[in-house]
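For reference, the structure I am asking about is given below.
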Amino acid sequence: MNFGSDNTSGVAPRIMEGLMAANAGHARSYGADDLTKAVEARIREVFEAPEARVFLVTSGTAANALSCALLTNPWEAIFCHRNAHIEEDECGAPEFFSDGAKLVLVEGEDAKMTPETLAQKIGHTGAAIHNIQRGMVSITNSTEFGTVYTAQEVRALCDVAKAHDLPVHMDGARFANALVRLDVSPAEMTWKAGVDVLSFGGTKNGCMGVEAVVIFDPARAQEFELRRKRAGQLMSKHRYLAAQMLAYLEEGYWLELARHANAMADKLSQGLAALPSVRLLHPVQSNGVFVALPRHLHCKLMAEGAYYYLWPFDQDLETGDPEELISARLVCSWSTTAQEVGAFLDHLGGQSASQAAFSEA
Amino acid sequence: MNFGSDNTSGVAPRIMEGLMAANAGHARSYGADDLTKAVEARIREVFEAPEARVFLVTSGTAANALSCALLTNPWEAIFCHRNAHIEEDECGAPEFFSDGAKLVLVEGEDAKMTPETLAQKIGHTGAAIHNIQRGMVSITNSTEFGTVYTAQEVRALCDVAKAHDLPVHMDGARFANALVRLDVSPAEMTWKAGVDVLSFGGTKNGCMGVEAVVIFDPARAQEFELRRKRAGQLMSKHRYLAAQMLAYLEEGYWLELARHANAMADKLSQGLAALPSVRLLHPVQSNGVFVALPRHLHCKLMAEGAYYYLWPFDQDLETGDPEELISARLVCSWSTTAQEVGAFLDHLGGQSASQAAFSEA
Amino acid sequence: MNFGSDNTSGVAPRIMEGLMAANAGHARSYGADDLTKAVEARIREVFEAPEARVFLVTSGTAANALSCALLTNPWEAIFCHRNAHIEEDECGAPEFFSDGAKLVLVEGEDAKMTPETLAQKIGHTGAAIHNIQRGMVSITNSTEFGTVYTAQEVRALCDVAKAHDLPVHMDGARFANALVRLDVSPAEMTWKAGVDVLSFGGTKNGCMGVEAVVIFDPARAQEFELRRKRAGQLMSKHRYLAAQMLAYLEEGYWLELARHANAMADKLSQGLAALPSVRLLHPVQSNGVFVALPRHLHCKLMAEGAYYYLWPFDQDLETGDPEELISARLVCSWSTTAQEVGAFLDHLGGQSASQAAFSEA
Amino acid sequence: MNFGSDNTSGVAPRIMEGLMAANAGHARSYGADDLTKAVEARIREVFEAPEARVFLVTSGTAANALSCALLTNPWEAIFCHRNAHIEEDECGAPEFFSDGAKLVLVEGEDAKMTPETLAQKIGHTGAAIHNIQRGMVSITNSTEFGTVYTAQEVRALCDVAKAHDLPVHMDGARFANALVRLDVSPAEMTWKAGVDVLSFGGTKNGCMGVEAVVIFDPARAQEFELRRKRAGQLMSKHRYLAAQMLAYLEEGYWLELARHANAMADKLSQGLAALPSVRLLHPVQSNGVFVALPRHLHCKLMAEGAYYYLWPFDQDLETGDPEELISARLVCSWSTTAQEVGAFLDHLGGQSASQAAFSEA
């Protein structure tokens, strides 16, 4: 019953096999190997973007922060949602990599900016030389609250950005989870909607530790390559990043893994929705479930061995009313099993909850 | 016949097995897993440093640049050899991570600083508020030219640093190769000699991609932890960094791998020394062999499928006298075979060279 | 009728005399001159702080940004009001000088933080290694909306900061205007209340271009000195900064200048308060008056030659209802005359307004 | 007998008058005033560059560091002479403002790069993604050793830079001193020779504290303006920077001041050349004289009240042979008098030296 994060899961079997297969003999280092070339070719196919350049890095924070540094000047604003990962969970990496650009926070329900809230913030930024200037927009999809922007919604945000000549980054640490929820192509979700640079996540969806930065305008690639090296993110034995990503993308494995994670989150949310004492906090659209539950149920689950994070972290658990609602985040992954979900619901609400979740199964 | 770099080799078998074994079930992320705890305990044992703190990162550049940022202020000097990796091959990562500290270059034969050349540079730095101030010293061991500082030499440099109250970093990307050449302990090579922070390399000696930053003074650890996160170097599925490092350290595997690499370099250099047309450029003390050879031999080797780097990179190969000497770097690794070395020598000098190399075998 | 800013005024007469008097003969450069020594001594007296260190710089932005860089690490939060000058009008200078610290914005009426809003933001910051950590607090006094924190209010904010071991900076670009409004000493307003570093403004209150950074804990001084030099803020002909500041502080001239500016703002606000179509937006407690007035009155004033800024800048003036309220900032200075104020009020509201302003005179 | 630096001199009379004249009434702040507009127009005339953009800052360090930041990326090299001011006397300001660009040091006699030494360093830089890339060239004229590049020499260096597509900055803190030594125009010394951005010094040659950054390609101006603001170098009461610069440029006052300073240095060097125990270290081509003299003479001069710097600073004066040679820097300025020079020479060498200096007078 580990719902702590998708990164508490291991490496998916076919990806581990890919790593082992890559281990034969010598290979050129720093990305000059054949597997790395194959990754770029494969991602160009997946995104229908024959000009795109692809750079592998080892963490989502690095992918995002390097992308932001590429797209903005230090005296400019990075417009993002108040609850974006780049704002809340990267210890200031975007500021570090960009030499001090400012994250300007946009409001919106369910961790989603709207064209109106985005346009308003852009409109109030950069009036004079004394102010931070307008820089770029960063969209997280799926969001930190497990919701998903449709391709139309992405396009609407990009349209606002483009009206101000601002480039757009997408933080796709959970891109696959968003994509499989919608009936659109990777291209429609990104460059066709106006996205310039994508952090394409692998780690949270079954890889060991690899993210691809996909740069749709190849003119920006040379600068990115230098920034990656300078940031200590150019891996020497690069074939092992490439091998993960290749196995991940082979025959739709990445989509299969994400579909499973989302399906488990759906089961979980269906079970939770059947419990009167529990309240879902956001629509469940990817693999994350945000829920308010009474303190006594939380304590019971912990005692039974469940593992998940309170969200936000800093809730006071020491004291208080057993009926008081506590908010928590439950994340499913490629390795979450129906048994785990069932057991969790059983502990929480008895058979009614798990029946609600699995009745149609 | 691939002598390009130790990072063109793959992952050593027991390390790959460690990765596979680590792949069962869930594990806490971001270093809260059991394997990571075990790594810290193991490294404390290896270095006889029960207070040391250990942080894993994904590249040597990150290990070095984060260490430098930890030990110096932006307005200070990082004293290092003119040919240090941090000066020559990290695209300015130390400057980036430290917010602009200045590398002040120290002279010395065979890529080794001497107490005199170091003291002289320190002495001429920081006279007034207008100047860069004295910050720290960084020692590369083994060096970029394949030579090794003895523990006494390390101590002599540290003594100079300490006389000016400067902390000392050791870039140990090839620490194991240096250590096995000398009859000293890891502790004698580092903190007992005065080293404050060590970049302890794994990747070049058989790991997939992991370096440990060993901080002997635990008071510095909290800052390092935040710097690592902010730099995108805190891996989420951290167990896979830990698993590599654990397997690497288990039962002296790391020393065994380094001994093999050094032994192959010894064979290679013995063979080369027997050839009148070839000249060794530096003493061969670890796993790198630097050699000057006539252009026509270089061309022949390339034609036979040998792979190695000219050193420096920017030599003009297009034209010139076939007898002109060209300088090259040949690196052996854990996976270099005696057959490869023998074949290379055969191509280069005929049987006499390979016999010189292997006569005592 | 120039109410654009206190920095559209010139240099007050005794300060210009001080500059001329300082122009005789040679003087040591970079602050080794006698006038600079005298400034430090004088400020120590004024602040009853015999250990304080004083550093002169050329702009308020430099004073603030260097102070923030001194008191915070790059991975930490600078807590300040949403409308602080460091957030709104320095083009990201605090981020630049601090290598990317994050300004975390605190709410509060009239540009003033409260202990509650400050404590709340601090409380929600820095829960884990993934987050920006708690760094420092910056208080602007007088505020960007012309209001003033009392010494008790400053102390209450400092108490919140100290409860979390956070240092406190005060942006005193208009420190004199705040001080003369209250019946307290400079010491009570600063270090006795818990302020660690003060940007003590000179320029806006009659100097040509000089601000003093007053560091109450001398242990921080050496780092500041290096940061100042590195930032290009150590003036070579330093005596001319010192001469301004000495004349400014001599025989309470600085207080006299500020009292005049505040008195003019009082007159102006009294006149405005008598006009039914006009609304004061914030209490008038220093030398700034914020007012909402109908568009047609604004246009009339502009036509008559009045000069002031709309606040915020980005209001749409091109179109709209003549009765629609527009918000503006009117700033008085040491050189504002009663005639200017009277003429402005006459243009705005006829004799009734200027009579209301000057009836008691 | 103050030869400490040209910045120990005061403000030249006509510049002080300009400041006083500028003090009447209100003026728009932040450079929107009429005097600032007049400065840009005047400098365009002086440099025959009708498109140039001009930005005033308060220190030479700021002018240089902002210029370097404008012309280089953080992962690039700034090629400059080993003894350039930006390398030796700015406490790392270029690194700070550029977010960590690396100064790559070029050799050459008398603090002058040659086309050959420059080309060699450029040629060895930037071979691969692992290395700092080629960024820009910075030329100091006159140099830190008082020598001068002719316009032809500047052009030859620029030609090397342009062959690699690198922009060129000139540190002209003592531009006037160089210019009046040669029979060329400001345009011939700068943009006609290939200089892209000039730090045009005022402070050392009689201003209070102002330097103009002259950007010959106006496309770069907007970025510079934002960098200047962000660096705390956009002065609010901007008219006082402009007033200095206008008076400085009026009717060739700047050239007159520089000619005087150079003439005094010539006298001084003529007198020194007549002394057998003293040796000139570099050709005297501007207002600085570098000399080696016996320790006992140095001590005698100090005792007589002379003031100048040992160069380098860190010579050991405490002990040693009275005949040992010590090296010193003597700087003349607009305010140096023939009497001072004569008295100095008298103390040093008796009448023979001062006669040698002034015989032709």
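Labels A, B, C and D are assigned to the chains in the order they are written; within every chain, residues are numbered from 1.
The criterion applied here is as follows: a contact is a pair of C-beta atoms (placed from the backbone, for glycine too) under 8 Å apart; a residue touches a chain by one contact, two chains touch by 3 or more.
These numbers were taken from a predicted model, which means no experiment stands behind them.
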| item | value |
| --- | --- |
| Chain whose average C-alpha position is farthest from chain A's own | D |
| A-D or A-B, whichever has more C-beta pairs in contact | A-B |
| Whole-Å gap separating chain B and chain D, where each centre is the average of the chain's CA atoms | 42 |
| Whole-Å gap between the CA centroids of chain A and chain D | 53 |
| Centre-to-centre distance between chain B and chain A (centres being mean Cα positions), rounded to whole Å | 35 |
| Touching two or more other chains - residues of chain C | 30, 74-75, 90-92, 96, 99, 129-130, 133, 226, 229-230, 234 |
| Residues of chain A that touch chain B when the two form their complex | 2, 4-5, 7-11, 16, 19-20, 22-30, 57-63, 65-66, 90-93, 96-97, 203-204, 208-209, 226, 229-237, 240, 307, 335 |
| Complex contact set, residues of chain A against chain C | 74-75, 88-92, 95-96, 98-103, 123-124, 127-133, 312-314 |
| Of all residues in chain B, those that touch chain C in their complex | 30, 73-75, 99, 129-130, 133, 223, 225-227, 229-230, 234 |
